[in-house]
């Protein structure tokens, strides 16, 4: 790297237009003028930081090696004397931000969090609005995201009593790896939105509790950072969004295998990333809300999800499966399967596993919950003697030890948990994720005892009553539609005044 | 038209009684004394404007050619010098109206509307109370109108994954016309209540998105105005309320055909227009609320719906179908069919289509949703090999791309959308309707991908789970009944005072 | 009646103890000392008025001839100079009563009532608390009373279209009497709680609309008053609570027959009148609330219902039916049947009709709605060819024309309506009941058209979908239980103060 | 006991550390230093009272003989001069406590309580927060505890009419004992949390109403106290948590039998006591809330339930049943059975009864309600002719006479009632429990009549409709999950100010 003299903030600030656009990231200036039209997230978001320090906005959505990878060396303008850069303090000084900082000060103690939902409650209070919106948002009316957990509440237990449950062991294996409890940390994007260190926090917690972490394609940290954060014997999987350019895909997969990844989870439910209106609304406020004069132009921000996913290949199909089998020896698991027919197809194609999932309710609204698809799937597999031909995982809506138990009773090999650990990480960091995992272990231990089982193998479908699971007579409430409906009212009282006397409430 | 000297406001204002009643409309005075008893909307509403300018109240409910058509030429008194007319400013100056005007100023930007319900939310804030009441009201307790959308939430998807969905095409045909997306703008009355230009706004938006507009009998604009607003190759259909005088009906139908209408949609679910209490209550406030002395007389206003529909023939029956087939070559579609038996009958009678519909919940309370009737109908048709003998449309409650997809999976040829476009028009005009249609296209494109289909033909019933659709265990809430119910309370605390000490909350 | 000199208020007021208790009713003094222990409503309520004017409390719960009938002549002390009686003004002057009087002044116009529930809304605002409590209360948690109407919302229509419905006729016959619309005014107790004239108001309205009134045993008016209020050709029925003393019962029945009653409705669902806690709580406040010193004695008031019903015979059984058949030629109808087995038994016993009813939800909590029992009953009757052997009526929860239609589609001969007419009477008197009945006729006319039927005979079970009627997955909310439940809360924020710093919300 | 000189408060207060920890209980000082690590409830709670008077905290959770039993004689330091002990008044002086004392003063009269839920409403207002939390809390999201009562609302009656119900007798027998009404007072822990005298209050009420009391292992009173409080002919049962040390268990059982207990109810649904987060949160506030500096340590209090139950044996199994049969002649009943398979097993093992129960919703979340398990169980028993081989009881959620009736119609021999009597005791003491029991008798008498039965033997399954009982489509609301969900919102209005003009609500 050639030595360069330091630039000043004033110099950089002159390049604040589309025709000459410089930005500062981590104390280095970059000329991104030519790159503007190619930016997957649109040029508007870059121009917002034209001539300024963009580090805080850059970090969560770009792995650290991004600029090196995608920007020609000659556009790297060298170090900036940060003392000369005017810090954008307006956001920090906003009343909203001050209130949030106060809420952070008054956060409950970690020891007051008794279940996974408690972290979500705290996260909602203390996370930045846009980050919360990105993590919590889901498709359309967010019916599916709520159904995901609600579906578990339509399953009831048929526990055994008078079983010696002094020793209970809920360890199991996943794709051959021994784990302490049958969940894994599933892949979720943009970890740095919630915590400055990003996904490596989850890596460390997963190690402590001996569970597997699935590394997301859209991580804030670079893939290798996350691998490096793992300890020697720690198992990680790779979640893959398939790039339109298969060479890139091949490079990623083979690199992961070389680095020691033990499973390849190909996302199959996201040929296009979902419209998540909470996310879009939140981005709108940030990016465009101040521009009252804009009037009614029709595109605007599509939210963070769209910005980061333009490379995903909507042409991915079953025909690609053999190609994947040719480029890697890792077990291949299809993530996002949503009907029994496709599970049967996956068996035919010889993959090692499927994750029944609707992508946390973030893709197709009114996709059924994974637990319902599981209850549809396993009896068919058993009827055909196929139940051992494939490992079936589910994710979506798991918040309690009882949820895990229900999934395993119905035949799942394990469950993926995503948002809850993000919330724990975004509020209490590694300690939070650690406690969240420990709470699940506490719940599992007790519930194994209460259901009358000592080993994972003893969990079977006789222990649950799923007759109401398929009943959608009372779906999650239709919030928007209800909020725009004017309920009927009874006739109003008449206000009797000396004057005009109009009929009133 | 003979030239006449201008009348003054003072002259007109003298004729403000039932025995001599003049009104001003668009700067012209008319003597409506003899017409009073014949006015379909009752004479009271005219007398409210006796001797005054009635233009604003006249426009939404009468096509512009009404006075020419129905009032003898000698009652046309000629132009009025509007500078001499005292404008009725009381309504504009009311606090309610001022608040509304402020709400209009503070309306969200169009780009903040991310779905069809958003327009409804804005319309509710900025429309005039009576206009909002007319558009949004429905029969009795408004259970059906809410069920219409709610029914879609009892249908869940069974999507396919790993299908190449790079190219998705959701164009289709309706009665032989190629359209870009399988919805049409269905007929709704009184467009000028929401927008000064009325239905032609919808005509323009329909052209832009290449969808069909169905022209309502009860439009605010004259039929020819709406036809004229269309471009050369633009397809429109006619919605017909059948007049007791069949000659009038014949004239309307044949005129429409000559003007190029490509479909005749005969409304069959409205032998009498519905009682819509929200509308009635809203009219009451406007017309009679100030008359505190009236006491308990029992008729009063029946709302806008009744006022404009007295000509509709309740004797219309299956026997009339051949007559229609004799007077036009346009395809005939029965709009408002509500049971499979009548779909079968429609096939026997040789009509080209049916619209399963309960008239937006505005007619028979507890009529089932169109989507439920569709799910009842198509299996019967398929069992008898009749599924290609007739085109089946539905309307009612469609707000999302997923709603359209569900209807098409179940066998509908297309869906009609009414109120949402009225709300978009009433808030942001043509831009609003344009964006509303674009949002539906965006949703359709993504959802076609997410469900794993590239063409309309691939949508079939295996992609949906309708088992809960027929389950009415949790109908929409019974608002009025709940609001008049006094919930039980626990025993109250006793207020201990030095004095009488009565038991209290 | 011997002439007596007038008593003064002071003289009467001296007799205000259990050992000498006089009361004034309608300007006459009575010595009720000996009668105290026999008073069916308990002596406490009398002692409240000892030495005072009891007219207002007396009237609603006693027919005018009560004192003549039950009190020996020598206890009739003669006229009181009312000018000398201190009026008990405390109640009139209470803030609650003043607010109520204001609400009465500001009542909506009758013409603002568009449906039967509107009268209930107004009644709730303007009726005396105890009267409202007596009319509106029901058994236990009031689940059944709410289910009664809610059950209708689980029935949906399958209307026919393209039927000539220009002429619709919804008249029918009940026990041979021609009526204009298939409802009758069912028996409800204590009419004077709501209106000074009591049940005769209903008599007059029934005449006007040519429907039948069922005269209650527990009317505020005397039986003969109600008969006298009817016009020559007007048909009335008698509702009978069977007295333990069969001679009294016989006298009542035969008197009614002689006076022209055309039907005997024997109440069979009330061997003991129900505990209605809203009523009990309301009486408690009135009678005992002021007595803070009472401490925890355990009986107290049982509400109005218990007070007036001590004579009812809990031993009444099927064996009594032939006896009734022997003492009257009136058609006999069993009111309060609740299972198909008992309908079959009623046919065996040769009675002319049954009313499926749970007594307005006032007796057995979790008795099913009459409409559900009807849907259970008629298929069984049809399967055995018995559907014409008996007339089946229902009551409970009917508020809309559609409710009536649903009952008739399912095979009811007619429906009884009770509370809604009481509320109309209690708010707007005869005009109110008149309008309530007219509203039902308006709804019936329109709904007959919309369902595609021109005559009552055309209504059949193919027009309704009752599959969800028997589904009780979402019963009316359990108000009390919910109100005493403390929902779980997320961990609280901690209040950071300089001092003790305790964890807080 | 050797005479000792009195200690002073100052002397005791010096021993306030883990290395020398003295406490005062009932005026006696104890050296508990060595006992600290063995305290089943953890040492923290003791250290809170180190050097102080611990009587108030000690009493509810320890039978009076605890210190004698478990603390070596030489650690009994003798009497303290209580006049020299500084009373810890801080709690009494807190604003919360003052408000509670005021609420106690303003409590409703006992005669205003008309049903069992009313006592719960009052208890919620006047009990100490931690006591209320311990009694009312349940497992996880408290779905099961609410389902327990809600399940009864999915059962509806099919009553008989025209039955002579003048005499109704709802007495029955339980394990051979004649009782006045088919409920018993089930075992609940820590009675002194609610009432200073503890469980003996229930003993006295049970005697008065001739029902059986089940004595809890975890009573606040000593077992013998409770036996002593009973009258000569009064029947009591023993509820048993089985100790890991079987000798202790044997001693307890045989002692109970000798003292006259007539039934041994072995709890089988609690190998580990449940996590009850309301209880844990409440304890946290009390024990640790003030310790803001603690930061995020992860264990902390597990609530009262865990503290008192460490001795329970999770190894208890079917193999232990014969052992119990060998050490006692008392009838043995398994309490907490939850599936029909285990009822069949219980019959095989020859026990006399089972209690279908989910431990008041306090153990396994999503265990089904006892009434549902009963409806599953009895048809299977009848099909195998086993219905008379065992007595089947249920507990959980019983609040009304109708609940008892439903259970008996479905085949239960009787029902256990727990919390409601605790609430009655905690608010109005013995009078409260007396009235609660009387209210149930009043409801039973009336409901027997209304259902048309005169004897317990006449109650059968034809009197109930349980078709919806197994339908879990609308489970109790998921409070925590709902409270952390951010509902979608419509686009906000924009606040137009002269300044920055940011889009706002």
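The first chain written gets the first letter, and so on, giving A, B, C and D; residue counts start at 1 in each chain.
Here is the rule we go by: contacts are C-beta pairs under 8 Å (C-beta built on N, C-alpha and C of every residue); 3 or more make two chains touch, one makes a residue touch a chain.
Only a predicted model underlies this, so the values are computations on that prediction, with no experimental measurement involved.
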Pair from B-D, A-C or A-B with over half of its contact pairs in common with A-D: A-B
Shared interface numbering between chain C and chain B [over half = same, under half = different]: different
Equivalent-chain rotation between chain D and chain B, CA atoms, steps of 5 degrees: 180
Winner on C-beta contact pairs when C-D is weighed against A-C: C-D
Centre distance in Å when chain A and chain C are each reduced to the mean of their C-alpha atoms: 59
Gap in Å, rounded to a whole number, between the CA centres of chain D and chain C: 41
Overlap residues in chain D, where contacts from two or more other chains coincide: 109, 112, 114, 117-118, 121, 141, 277, 281, 284, 292, 471-474, 480, 483-484, 490-491, 494, 496, 503
Chain D-facing residues of chain B, complex: 103, 105-109, 112-114, 117-118, 121-122, 125, 471, 473-474, 490-496, 503
Sites on chain A touched by chain B in the complex: 140-141, 143, 268-269, 271-272, 274-275, 277, 280-281, 284, 288, 292, 294-300, 313-321, 334, 336-339, 341-342, 345, 363-368, 470-475, 478, 480-481, 483-491, 494, 496, 500-503
Chain B partner contacts - residues on chain C that touch it in the complex: 109-112, 114-115, 117-118, 120-121, 124, 132, 136, 141-142, 146, 149-150, 153-166, 277-278, 281, 284-285, 289-290, 292, 399-400, 402, 406, 428, 431-432, 434-435, 438, 442-443, 445-447, 449-451, 465, 467-468, 471-474, 479-480, 483-484
